[in-house]
Structures are given as structure tokens and as C-alpha cells.
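Note that subunit A is present in both complexes that follow, paired respectively with subunit B and with subunit C.
And now, the complex of A and B:
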């Protein structure tokens, strides 16, 4: 077990950011942590790395507590922070070198590690440029290069693809797979369901500081097996109608996004829903039925969308 | 030493701050040296129990070079040791009388360190008294003839040896010190900015996820600022001494030691600023906002003596005052023992500021 968290509690003053969380991550996994804004994902990584104190519970990394051998443990971990943390005053290669040195590399080992990290993230040609001239995606990639220069056994990636184009995103996802094949265990934090579904061998869904579901993609999908998704586009609808819809038997979850009503139910509810909408004078433009996706798993479990649709 | 080496690289990227730290004092020093300022007069004591026209005229002659302050005889030694006065002259009752009658008059002088000025005064006093004795001999006890002789002597060539004592180099260097101290103060600008930048950009937190400890990070940071401070101090001393030919007293090493301690105080204020500010912009303006008035009140730009009494009192609580006071004493020729009090106060400032900033940082981390 590379990570063994049990009953972890972390408060910010009165706010419960991590609520009795237990989590095991096995060697060689790509472990996806999925959750909406404010779920406590970043807080979890901070407590894992000893950046902030926790109130109770225990954390074991590589079989021992952080304080037992902090230096040795930290040498084996790489963190890709959610907010890009690199020096604009330094060139790309100088940034990677700096972190290589901080992780204890020197001489030919450092040189090789730096080259590899830059090549791995596709930045080798740009190594002498300052990150201030980089695009957002290139900065993200440099942010990753700084975390893998020392070839960590565990790489924690906190939303490494936020705000970058699909091409760069695919590049990063492929890299994550490649790193994993080289023997690196990865914790991949995201609120993009597609990403997590594409690369993760284990997925945990986090909400309000708790893990509310965990398993492989397939196992999670089973949670709502047989459920149906109904997407109805309407002219306009008021909340009293939505409230009435919620009371329809077998409806598990309703979300309203602009003029689209999304209904997840454990059995077909088309007839009841139609009748109700018509009797409330709602003008219906379009109806689609779907089998549920991972995204819908999330919706049913948390009652919330993973991210604001405008994102 | 990755953070240390990295900081050195980053210093070079803050060219504006660096230029400010070196060029600013030099420009003011150059202006200082090119304009002929009012001569600076170090303080001295003249204790006259005799109170005769002869002693009065002696005092008047000396007042061209030194400023006599009220000192009682008992505290002469303390004042000399603390560097408050550079010279003390004591004239006993009946000295003039015995000079005129018996051609035997001498005055007591006290000074600690040999400086341009004190040895000049010594030479002057010796020849003045020698001549007075010659005049007394030739006038054979005739008081009015004696005074006529003295007056004639004074008119002819007596004050020559006093005029020859050059205090221009001394003036200039004493006045320049304020600008040097102000320049050293400006290091707080770059230190506070760099520390904040690390926090602002999440690099500080990221560093702590690596095997490097917080202590090590702080140590390497301070060490890099200390090196920068050293470069600044040495550069300024070299420029002052060898391009401006300033009179920096008998020991450049002592000057260096005092200035480097002051530089550490500036660094400690920089870290304190960084622990209070949220952005590097804020730190930048706060450091400029602090350094300029503190420099003014501490006497960096004009002598502290010309300020109102209550402002001078405020000055006692500012490191600039103590820095300037220490360097001044050294320039006047005092040795390091005389500035130990000032240096200790400076070190106390540094310790308090470092403690405050680390206490404040822990507070934030909670």
C-alpha cells in the first residue's frame, strides 16, 4: 500500500474540510480523485504532504508516517500543484534544475533527469525560454516537468489540465499513462469525468470531505445500473414545476441547466413527466433519453454537477 | 544550496532594485563631495576654571574647528569613551597667572584616538602655549604687555597651524555616511519582494513538499541576502575610500563591521515586511514607505541635531540613528570598543525583527 489514510479529519476553524476519510492506494495504480469545487481534494493532498496539520486520523505513506522519515518519503513523491508554481525569472530548464536539486539530484543524474523531464513534457526545444513567454498549456507542462525530474514513485497531480486546449490535455493524459507504465503510482485529481474515466484504474468520488463512492469505472457505473437519463429541453419552466417533478416516484435526481431539465430515474418516468409538464403548460422543444454516464453517477451521488457548465 | 544559488540569479533579474541600492547613495555622495558644505565640527569639551582673557581667546580660536559642549569634569572620561566628544581641554585656576609670572603654564588635554583632527589640535595647542611662554618671558610679568604680545602673535601667524588642519575629507565622509546607511536600508526592498514572491506564486509551499526543510529554506534565503549586503557594503566602502578619497577613520575593517551589522538589520526588516504583506507590490511600496522616513528621522539626509528635540527622541528608537552614530565615531578615530553599545543596539534590532517575523509567519501557518 503506497497510501493508507484512515479516519482523517481536517478542520479549517469550524469548517470540516475532510470528514473522517479513509483511503488506500495500491502500488502501480492511477488513482482518480473526482469531486466538485471545494470537495476537499487539494486539502487532502496538503495533509498528505504535511503542509498542514490534521485534527485526527492517521496517514501512512510507503508504510510509514511522514514524521518518521520525512526526507526519505518526500524524495519519493512529486507534486504537481493545482496553481502553477514556477519562476518566471528563470528559464524553463533552470526551473526544472532547481527542483531536481531540491530533490537531491546532482551531477550527471541531475542532467539526465532534467533532460528527460523536459523531453517528456515536450519542452526540450523551449528549454532556454522564460515561462513568461509560454502559453497556459506550456506552463502547465513545465509545472509537471518540475514534479517528475527526480522520477518519483508517487506522483500527485492536482488538476493538471485546467484551462488548456484538448490537444495539450491529450498529451498530458498520454504522459500520465506512460509514467504509470514506468512504475510510477499516480493520484490524478480532476473534475473532468472524461479524463478520469480514460486513464484511472481506481476512481474515488469525493464530496464535502468524504469519499462517497469508490471503484473502477465499471463498478461505479454499476451503482446506477438500470437508471435512465431523460433530457428535456423546454421553452421555460418555473421552480414550482421542478418541485412537482421531484415528487414523481422513482425520480432520483433533477438538475436544471438553462432550459434543459435532466432527470435521472430508476425506471422509465417519461409518461408521468410528460403529463406533468403539459398540465403545467410547459412548452417542450426536445426530448432525449440516455443510458447514464459516469457524470450521471456523480450527479445522483452528490446531487450536484461536477463543475459549473460554463467552465 | 539550490535556493541560495537561485536567489543570486534572481537578484540579477531585479536590476532596478540593485541599481537603486548602489547608485542612489553614490549620486548623493557625489553631490555631497562636489558642493562645499558647512564644515562639520565634532563635539569637544573646554573646561575653564581660570576664566581669563587669555583662556577665552584660546577657546575662541579653537571654536573654528570643534564645537564645545557642556561637560563636567567627572564625565569627561565617559564622554570620550562613548565617542560623544573627541577632545577635552581642562584649564586649572590660576594657570594664566602662573604663565605670566613664572613663565610656567600648562593645560590638560584628553583624547582617546589619534585622528587627523585631534593630533592637529594637539600640535596647535603645543605651539600656542610654547609661544605664550616665550611672550611671558620677554614681558617679565607685565600683564598688559603680555596681552599685547599675545594679540600681536595671534594676528600674525598663530592660527596658521589650526587652519592647516583639513577637515574637508572628514566633513564629507561624515555627511556621506547617511547616504550609505540609506543605501543599505534599501536592501529590505529586494529581500521583502523575493520572499513574498515565493509565497505569492506558491513556490514556498511547493518547496516544502520537497525534502528541503523550512529551516534550510530560511537559512539559504538569509545567507543569499547577507552575501548581497556584503557586496553592497564592500562596493560602497571601496568607492567612498578610493574614488572619493573619503576619510573613513583609522580602520576600514571597523567601518565594514558596523555597516554589515546594519545591513543585517535591513534584511531583518525586509523579512518582517514580507511576513506582513500579501503581495510583492504591497511589500515594494511598504519598504519604500518605511525606509525613507526612517532614514530622515535617523539623520541620513541631514544632521540629526538640526531637528526638533522630540523628533530627535524618536530617532533614538530607529536603527539608522545608531548606525550613523557608530560610523561617525569610527570616522572621528575611535576604535571598535567605542561603538560596541551602538552595534549591540543594532544587533538587538535585528534579533527582534527576525523573531517578530518568524512568530508572525507561524501565526499565519496555523
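And now, the complex of A and C:
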């Protein structure tokens, strides 16, 4: 077990940021942490890395308490922070070199690590350029290069693909898989469900400081097995109609995103919903039925749309 | 290369490569000094001060036409000295004291009987200077000290058996003028020092940025997840900032001296060390404010206090010396202390006062250092895991 969190509690004054959370991450996993803002993901990461104290519970990393051998543990961890945290005044290679030194590398080990990290992120040819000349995606890749220069056993990636182009996103996702195949355990924190679903072998859904569900993508989908998802695109709809839809039997959850109504129900409710919309003079443009996705699982479990809250 | 040195060098490299920073650290003070020095040259501080000086000297010469006292009288009659000193011969010391008491004169110079004879024969003899304690009196004292320092060198020569004084009194005044006019500050001389001090005060921003970046930025959070002691990283960066300021000080001093021909005195080492000490104090002030206040409050306080302290130290315009509160503040303000030390070093005034101010500056350093250490402990920089 690389990470063993047991009964962790962290409070900010009266606010309970982590509520008796327990979490185990095995060696070699890509572990996805899903949750909206304020769910406790960042606090959990900070606590894991010793950036903030916790009130009770225990954290074991690589079998040891963080406080016991912090330096040794930190040498084995890489962090890719959500905000790009590199020095704009240094070139790409100088950035990676500095982080390599700060992780304790020197000499030929440092030289090899720097070259490998830059090649891995596709930035070796641009090594002498300043990050200020980079695109957002290239900066994100440099952000990653600085975290993997010392070949960590555990890499924590906090929203590594926020605000970048699809090409860079694909590059990063491929890189995550490659790193994992090289033996690196990865904690991937994101609110992009499709990314988490695509690359993570284990997924934990976090809400209000608790893990409300955990398992593989398939295991999580089973939690709402038999449920149906109805996507109805309408011309316009008022909230009183939505309230009426919520009262339709077997409807578990309803969200309205722009002009699209998303209904999760335990059985087919299409007839009742259609009748209700027509009787309320709602003009229907499109109807689609789906089997539940990871997002639907989240929606059902938390009653909240993930991306809306995160953005 | 050790990790500490890498952190120091990285910090310096970042400061040098940051164009905004370089503009602020170098171009801004150079331009400001140039503008102030030239724009205010007609109303400059030094000449104005000189113009207002009517130094009146009571000369009690009882040396009976001795060679050295004659040289001193000639020295007082030279054009440069006559411009600032009016000499009034008085026969007795008691009369001269009455004149001083009644503030008719600013200083008395008493040359006792046999003074020249003693000097000519390599013996020690005192020439007395009695001053009223005002600036004018100080000028007489300084001028006479300069004259006597030349005389002393002849005493030494005489003691060594080289009785040069017997044969001819060397041209103490005419061949080696005391450069009195050169020692009076022109606007550029004045602002070269005050702007240098002001810009060093802005080093507080480097100290503030150090804490802000380390404690509140995403880069700082990232650094704190690394296997390096927070204090080691912090200290490395602080040393880097300090060396940047040191380089800035040296560049500005040389620029002011050789490009603007500002009079920065003859003791470059003293000047650089005083500025360096002030740089250290101001960086620590920036760190202290950031440790004890939130970043926005620290920013506001620092940006307000620097112009205020510069004004109170007479950085923009020379302020009157007579205000007691101002004098008290200037004795505890690091910028005013450093400025005063530098001016005294350049214009050769009281050593004792300079030492007193230097001690005060060191007290400032110790006090601010203690505040920083307590602040660092409060923020738990000393512990690896927060």
C-alpha cells in the first residue's frame, strides 16, 4: 500500500474539510479523485504532502507516518500542482534542473533526469526557451517535467489539463499512462470525468470531505445499474415545470444545463415526462436516452452536477 | 555545487532577468537622480546652504607673527575660505568668549604664544578651537582640523629630523587647496545620495516578495512539498536578494560617481558598506512586514512608508535641523541614519556623531532581525512539516 489514510479529520475553524476519510491506494494504480470545488480534494492533497496539519486520524505513505521521515518520503513524491508553478525567468532546462536539485539529484543523475523529463514531455528541443514564450499546454508539460525529474514512485497530479488545447491534453493523458507503465503510482485529481474514466484504474468520488463511492469505473456504474438517463433539449423551460418533473414517480435526479434537461430515473419515465412537458407548452427539440455514465453516477450520489460546480 | 548556492544563484539570475525589476532597480534611480539633480541645480541644497552661511570667526592670534599662524591667517584670507568665513581678529580670549556668548561669532580660534616656534622645533603645542555648537561653528572646526592635519605632518617630519619647516613652509593652502567648494554639495551630489538611499529602501519589496512567494503563491506551496528544509530555501533566496541589492548599490554608486560626477567622497568602502547595511535592514523590514501582516496590508504599508521615510530623512528636500521630533525620528529611521553617516563621511564632519549613528543603525538591524526570527518561528519556517 503506497497510501493508507485512516479516519482523517481536518477542520478549518468550524468548517469540516475532511470528515473521517479513509483511503487506500495500492502500488501501481492510477487513482482518480473526483469531486467539485470544496469537496476536500485539495485539502486531502495538502495534508498528504504535509502542507497542513490534520486534527485526527493517520496518514501513512510508503508504510511510514509522514512526520516520522518526511524528507525521505518527499523524495519519492512528485507534485504537479493545479496552478502552473514554474519560474518564468528561468529557461525550461533551468527550471527542471532546479527542481531536480531540490529533489536531491546531482551530477550525472541530475543530467540524465533532466534530459529524460524534458524528452518525456516533448520539450527537449525547446529546453533553452523561457516559459513565457510557451503556450498554456507547453507550460503544463513543463509543470509535469519539474515533477518527474527525480522519477518519483508517487505522482500527484492536481487538475493537470485545465485550460489547455485538446492536443496537449491527449499528450498529457498518454504521458500519465506511460509513467504508470514505468512503475509510477499516480493520483489524478480532476473534474473532467471522461479523463478520469479513460485513464484511472480506481476512482474515488469525494463530496463534503467524505469519499462517497470508490471502485473501478465499472464498479461505480453498477451502483446505479438499471437506471436510465433521459436528455431532453427544449426551446425554453421554467423552474415550475422542472419542479413538476421532480415529482414524477421514479425520477431520481434532474439537472437543467442551458436548455438541456437531464433526468435520471430508476425506470422508464419517458411517457410521463413527455405528457407533462407538452401540457406545460414546452417545445421539445430533441430527446436522447442513455445508459448511465460516470457523471450520472456522481450526479445520483451527490445530487450535484460536477463540472458546473467546479467551473 | 551545493543546493544552497544553487538557490542563491537562481534568485540572483531571476532578479537580473526580470526586465521590470532591472528597470526599477537601476534605470529608475538613475533617471530620477538625473532629473532631480539637473532640474534643481539652480536651487540646489548645498549652494543654498552655503549661501546662507555667514560663518563668523574670532581669531585670537598671540603667536607673534609665527610662521604657522601666518599661514593660517593667509589660509583664512584665501578666496574659497573668505566666501564662507568672515574673520574678526580679537586681541584676548576673554573678549572672544564674550563675542561667542553674545552670538556675534560662531567660533573662536586661539593660537597661543610660541605655537609656531614649537611646531618648527618638532614639539607639540595646542591650537584651540571653541565652537558654538551650530553648523557654522562645525565648519570652522573642520577647516581648522584640515589645516592642522597638514601642520601635523610637518611636525612628524620635523621629529624625524627633516626640518623642512625651517627652510620653507610648504604651500599648504595654495598648492593643496582644501577643496572647500568641491565639498559643498551640489544638487546632483545631494540627490545621488538621497536617491541611492531611497532606492535601497525599496529593497523592502524584495523581502516582502520573498515571503509572499514562499508562503502564498502556488510556486511556494510547490517548494514546500519538496524534500528541502523550508528555512534553507528561504535563506538561500534571502541571500540571493541581498547580493542583488549589493550589486545594485555598487552599480549605482559607480554610475553616479563616474557618469554624473557626483561627489560621493573618498571613502568608497565606507559608502558601499553603509549602503549594504541599509540594504540588509530594508530587506529584513520587508520580510518582517510580510510575516506579521497579510500580503495586501504589508504591500500598502511598505509602499506608503518608503516615501514618508524618505521625506522625513530629507530625501526630497532638505528639512530644517531645529525640529526636535524630526531629530528624534531621524535618529531611529534607518534611512536617515545611513544618509547622515554617508554625508558625514563625504563632507568630513563629526566622527563621534557618525559612530553614534552607525551604532543606532546596528541597533535597528538587531531589532528587525529579532522581529523576523520571531515571525519566521510563528510561521513555522523552522519546522520541516507544518
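FYI, the second predicted complex is superposed on the first by the 308 of 311 C-alpha atoms of A that agree within 3 Å, B and C clash if a C-alpha of one lies under 4 Å from a C-alpha of the other, contacts with A are read in each partner's own complex, and residues count from 1 in each chain.
Note that a contact is a pair of C-beta atoms (placed from the backbone, for glycine too) under 8 Å apart; a residue touches a chain by one contact, two chains touch by 3 or more.
Since this is a predicted model, take the numbers as computed values, not measurements.
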Ask   = Should the superposition on subunit A be reported as showing a clash between subunit B and subunit C, or a fit?
value = clash
Task = In the overlay, answer first, second, both or neither for which of subunit B and subunit C A:218 touches.
result = neither
Request  = Figure out whether A:238 sits in contact with subunit B (first) or subunit C (second), or with both, or with neither.
outcome  = neither
Which of subunit B and subunit C A:49 touches, first, second, both or neither = both
Inquiry  = Once chain A of both complexes is superposed, is A:14 in touch with subunit B (first), subunit C (second), both, or neither?
reply    = neither
Request  = In the three-chain superposition, say which chain, subunit B or subunit C, touches more residues of subunit A.
outcome  = C
Inquiry  = Taking the superposition on A as described, I'd like to know which of subunit B and subunit C A:67 touches: first, second, both or neither.
reply    = second
Ask   = For A:83, is the partner it touches subunit B (first), subunit C (second), both, or none of the two (neither)?
value = both
Task = Touching subunit B in one complex and subunit C in the other: list those residues of subunit A.
result = 49-51, 70-71, 74-75, 77, 79, 81, 83-87, 89-90, 94, 98-99, 101-104
Query = Any idea which subunit A residues touch subunit C in the complex?
reply = 46, 49-53, 66-67, 70-72, 74-75, 77, 79, 81-87, 89-90, 94, 98-99, 101-104
Query = So in the complex, which bits of subunit C are touching subunit A?
reply = 3, 6, 10, 13-14, 17-18, 217-219, 221-228, 233, 384-386
Ask   = What part of subunit A is in contact with subunit B in the complex they form?
value = 49-51, 70-71, 74-75, 77, 79, 81, 83-87, 89-90, 94, 98-99, 101-104
Ask   = Which residues of subunit B touch subunit A in the complex?
value = 2-3, 6, 9-10, 13, 201-203, 205-212
